[in-house]
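Each of the two complexes below includes chain A, the first together with chain B, the second together with chain C.
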Partner chain A sequence: MSLTTTRAGAEAPATGATARRSRGSAARRPFTGLLFVTPTAVIVAGLFLVPLAILVSMSFMDWPLLGTPQFDGLDNYRHLAHDNQFIGAITFTLLYTAITTVVLFAVAFVLVAVSNSPRRGARFYRTAFFLPYVVGTAAASTMWWVDSSDRLGIFNQALQAVHLTDKPVGFLDTPGKALFSVITLVTWKFVGFQMVVLLVGVQSIPGELYEAARVDGASTMQRLRYITLPGIKPTLALLTVLSVTGSLLAFDQFYVLTHGGPDNSTMTVVLALYNKAFQSYRLGDAAAEAVVLLVALILLNFVQLRLLRTKED
Partner chain B sequence: MTTEAARRLTRSTLFHLVSMALAIAFLFPLLWALLNSFKSKSEANQQPPTWFPHSLSIANYRSLAGFDQGIGTYLTNSVLLAVLTVIGSVVVCVLGGYGFARFAFRGRTLLFAATLGILMVPYATILLPLYIVLGHLGLQNSLIGLALVLVMFQLPFGIYLMRNSFESVPRELEEAALVDGASSFGAMRHVSLRIVLPGVVTVALFSFLTSWNEYLAPLIFLNDGSKYTLPVMLVNIRYASYNIIDFGALQAGVVVAMMPCLLVYLLLQRFYVSGLVTGALRG
Partner chain C sequence: MAINRWRLPVIGVVVALTVAACGGGGSKTSSSSNPDDGTQLTMWVRSATDQFSQRLVDAYNSSHKNHVALTIIPNDNYLTKVGAAAGSKSLPDILASDVVYSPNYTKQGLFQDISADVKALPFYPSIAQSHLKVASYDGKIYAVPHKLDSSVLFYNKDLFKQAGLDPEKAPANFTEMLADARKITALGHGITGFDLAGSCGGCGVYTLFPYAWAAGEQVLSDDGKKVMINTPAFKSIFTMYKQMSDEKLVDSSDKAQDGSTWPANFEAGKVGILPLGSPIVGDLLKQTKFKWGVAPLMAPDGSGTSTFIGGDVAGISATSKHRAQAWDFLKWTLEDNAQVEIIAKNGDLPGRTDLSGNKYTAADPRTKLIADGLKNGHTPFALPFGDLFNNPNGPWVATIRAALYGPGVDQALADGQSKIQAGLDAAN
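Coming up: the complex of A and B.
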């Protein structure tokens, strides 16, 4: 987790490349090299490139569950434009993504402040914050669903014990409360990951910078503003990419906790996609939806990677 | 001097109060599921819930044994899937990583780019055509097919990590073995593999956690109850609408599903963090 290991890892590919050019032994055995990467090539071709091509062609076809698929041009895409559930799902997913990204960062900064402390116990706190991350989303969502129950849930019990409410809250009863419940779950489960990655970023800033600033009489706020923040900019950009992509593709937590309800108010894009493909078996329409999602995410990734690069300069 | 010491004590106390409150908030749901799973049937389904079990019982775990095919089946499937995925990921990533690190061959850059390209494509969008491809291969509704798909999703991270690990091993170390007549594979296996072992553990750890926790892919690819994995079973108990949901059994199921992950993480933390650093460097 220190600066040295990070930098050494980053430079390794460069030295490897020089060694390869200066020494020709490997280049003389191209066939052996191919043998080593054959499993990779087979899997990438068969389970990634071919399905990708099928997906695109499916999106231009009427693809019934039984019977022969037929080319239907842009029909599937036209259906999408008039599909209110799909449009509603996009709006909701964007809202969810925006809130989740902000909340995750806000909480993660607090946790970094705690777990980056030189005090005794910081290591224990760090582990405690990270543990929920290794629990599977389906298991965590199931747990949250039990805890949110009006009848038997501990959340209501705890709120009533401290007299914050005198009757059950109904955590999943209204669209607003259901969204709130999913966001608390997601924060609890994923914020530990944000914290660890941010810690790596913070700890890779050379300590001399802080010492020099202290000698020059910079305040804590100034050190934060002029040393820490610029130092972790690439990390922040990377976490934004991961958090935005992850939230746009949210499925498990909604499928288990709210099932898209109440009244389809928490229907995410991937949940709508799943329903279309595997509940209503409209495979062509689902493929078109997937292609739209795919193109949107690739564009988004490009834009964000661009930002990441300029921030590194 | 004493005021300075007092101030330091106050600060430290305040720090630990806040941190401890946060730590409890994060650990509490995990602990509560554990406590609940050992309550008696009636206590686990009692309204309002009790904070601590009045008596300890394994009745909830027993009823898991009677749910549909029985938890034994689901546990076996989960273990089988994890073993297949971990072995598959490690073998493919070690071989591929070594190939990319040590050899020049036609299409090398292209294949590497295509492998990393898996990251660019949202996981959920490609499951639909994968369902069709697996059908053609006769691997639909099979744990082997599912494991292959999960291995594919591990490739970008695993290949990248193993390639970098092998590249940081000096060639000279292998040269001696090659001169002695070892094959490339032999040199890799006997010389470099030992050095890159931490990377191998990281790949294994990540693919274990992925396969153990994955929900959407098994939900789509497995349509036979006897093939279901633990996460699928859990959600099925939650949606077992034909009878009243057994909260105790549900909590016990959550415990069975999460314990291996928590233990593996606590044992192999070191490899997990180094993996995250590599992942973070990817950007």
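Coming up: the complex of A and C.
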């Protein structure tokens, strides 16, 4: 589908460009440029801008599954203000984002320290840490779900075998334990990527800087503070943005592993809007939630990039 | 010119004849003649009926020219999947649905009206009324029974004997159930007296509602607009279940049990008493590890019995272009051969009352008890049933969990009553 649209879209401006070409070479360049941009523009328009426009218009309508939608103004947005599940989901998502971002960075730093050493086996560790990243989130969540089960799971069997516990832990029984289980899953899955990106950042700092600092008598902490951290600042900025955005949009791990439970304690914003759209069939309300989430994300990323940029200067 | 003058009328006649022939042929295939014409049909069912539906589809495909392609969708995702497909008009030809979801589907216009076809069946009066009732809307029939099941109490006779209980005497009221569960749990070795699903709304509906019905309570009004769970029967039910949980007469995994592995421990011979339903009879009949018995679900004081008549209905989706062929399949599933030789033979319940005495069901006193119990059974009706009761994030699951693991049964029931009622009010 998208392929054919792209091609059709690309041909139309092409004829326009040939027509202009005869008029003179001055006008030629901008149109050649446009020609190159067109395929991407068509894809972005077809797969992003048009659906976005539909979403925004949906959020102002009472949109049934079958039948004709009706305009209902700001009603959907008014519903949101009184929706305890949505408000709870915002709080939980922010909490989850904060914890995940901190934990991911902390673990990734340790892993970078381990795998950046010139010792033998470092390469093996690097690969091992990165491997979970290639597993899909939904697949990893299913795996975690089976592994943490009291009846079937290997986590409980392992803990009991080494006599750390004598009863199954019930990894998903309480809100605290469920959140803990999800965070271990997310750390296991994503920390490898985080580590590799940090590693690239660290290794791009020229070794001469460290040598010079050592000659000048700088301590390990000073080298970390004044060389390593400033050197990887752009990398840190990138990872923070990715981690925060990814966590705010968390869905698969909660949908598969906890179903938002126990007692709706692990309900993220995306899960809440998914349920609203496809469990309760309230598509208009769900669209309004999506618009709110989109605006929040744009603002947040704008602020984040601003902060990180000024610090850099 | 001369040639053209006579050629035109001839062409006209030929065209007219062709059109007439086509028209005649067309109307013929769509109404009476053989609808088994090699059409490819699609059908969706939820995973709870996977093997059951597969057996029917396989038998139909091997004896017919039409071919039904079956897609099995995980229980939890069924509502969402159907919702998305309905929105994009890509529903299958034949759509099965949990009976409790079907009112929502008929109201949303997902099925075609098949009243005339159903009423023309020679065995129409004996098709399970509970299913036809929920599959009807405004006096029109939109679906027929696909699978019929019924909730009962299973118990492990071997464990009863080991615990010094009479293996032929199933618990008949809540006091006996609790006492039996305590004795069986005392056996140790990971054996538990009872089993419950603490995070599964559907399981709660299926096995808890009948206790209340048996006590003469209604739970949901006939029009599905009122819920009544803040009642004496539900207080006894949840008090007993809370005791089971507090005294650890159930497996530790029961708190997070979402229904997916609920029967596993009983089927492994490690549970004394399990309230569940006829769908696991097929598996139990096949295993030889232990002897098991069946008893009806009873009122807390044992004064009556009841059952939840659950299962699935199947209808022709509103967007199907193969109505006649799809009906051919549905009709075939209701006929004697499929009902007896495929459904009853495997230990499942036939969807017709005139066949409940068939040779397979009647041969085993346990399946006979389940089939006979249907006369006391109910199927609740509510438009947003799935959203309120089955939804893992819905108010009914919250009620169950608050009652079992929260501070108190009274508060949980009062909260649940008002939240579920609010949901019903919003949908009606």
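Worth pointing out:
Everything that follows uses one rule, which is that the second predicted complex is superposed on the first by the 273 of 313 C-alpha atoms of A that agree within 3 Å, B and C clash if a C-alpha of one lies under 4 Å from a C-alpha of the other, contacts with A are read in each partner's own complex, and residues count from 1 in each chain.
Assume a contact is a pair of C-beta atoms (placed from the backbone, for glycine too) under 8 Å apart; a residue touches a chain by one contact, two chains touch by 3 or more.
Being a predicted model, the structure only gives us computed values, none of them experimental.
By the document's definition of touching, of the two partners only chain C reaches A:264; chain B does not.
In the superposed model, A:54 lies in contact with chain B only, and not with chain C. Of the two partner chains placed around the shared chain by superposition, chain B and chain C are both touched by A:149. Once the two complexes are overlaid on the shared chain, A:249 sits against chain B while remaining clear of chain C. Applying the stated contact rule after C-alpha superposition, one finds that A:74 touches neither chain B nor chain C. Set against each other, chain B and chain C touch different numbers of residues in chain A, with B touching more.
By the touch criterion stated above, A:102 is placed in contact with neither chain B nor chain C.
By the touch criterion stated above, A:278 is placed in contact with chain B and with chain C alike. When the shared chain is aligned, chain C comes close enough to touch A:65, but chain B does not. Residues 149, 151-152, 274, 277-278, 283 of chain A touch chain B in one complex and chain C in the other.
Against chain A, the residues of chain C that register as touching in their complex are 76, 79-80, 83-84, 86-87, 108-110, 199, 251-253, 255-256, 258, 261, 264-265, 318, 384, 386-387, 391-394, 397-398, 401-402. Against chain B, in their complex, chain A makes its touches with residues 1, 5-6, 8-10, 12-13, 15-16, 19-20, 23, 25-27, 29-37, 39-41, 43-44, 46-52, 54-55, 58, 110-111, 114, 117, 119, 121-122, 124-125, 127-129, 131-132, 134-140, 142-147, 149, 151-154, 156-157, 160, 188, 192-193, 196-197, 200-201, 234-235, 237-238, 241, 245, 248-249, 251-252, 255-256, 270, 273-274, 277-278, 283, 286-287, 290-291, 293-294, 297-298, 301, 305, 308. For chain A in complex with chain C, the residues that touch the partner chain are 64-67, 85, 149-152, 167-168, 170, 172-173, 259-264, 267, 274-275, 277-281, 283. The part of chain B that touches chain A in the complex is made up of residues 12, 15-16, 18-20, 22-23, 26-27, 29-30, 32-33, 36, 45-49, 51, 91-92, 95-96, 98-106, 108, 111, 114-115, 117-118, 120-126, 128-130, 132-133, 148-149, 151-152, 155, 159, 163-164, 167-168, 170-171, 178, 184, 209, 212-216, 220, 230-232, 234-235, 238, 247, 250-251, 253-254, 257-258, 261-262, 264-266, 269, 273-274, 276-278, 280-281, 283.
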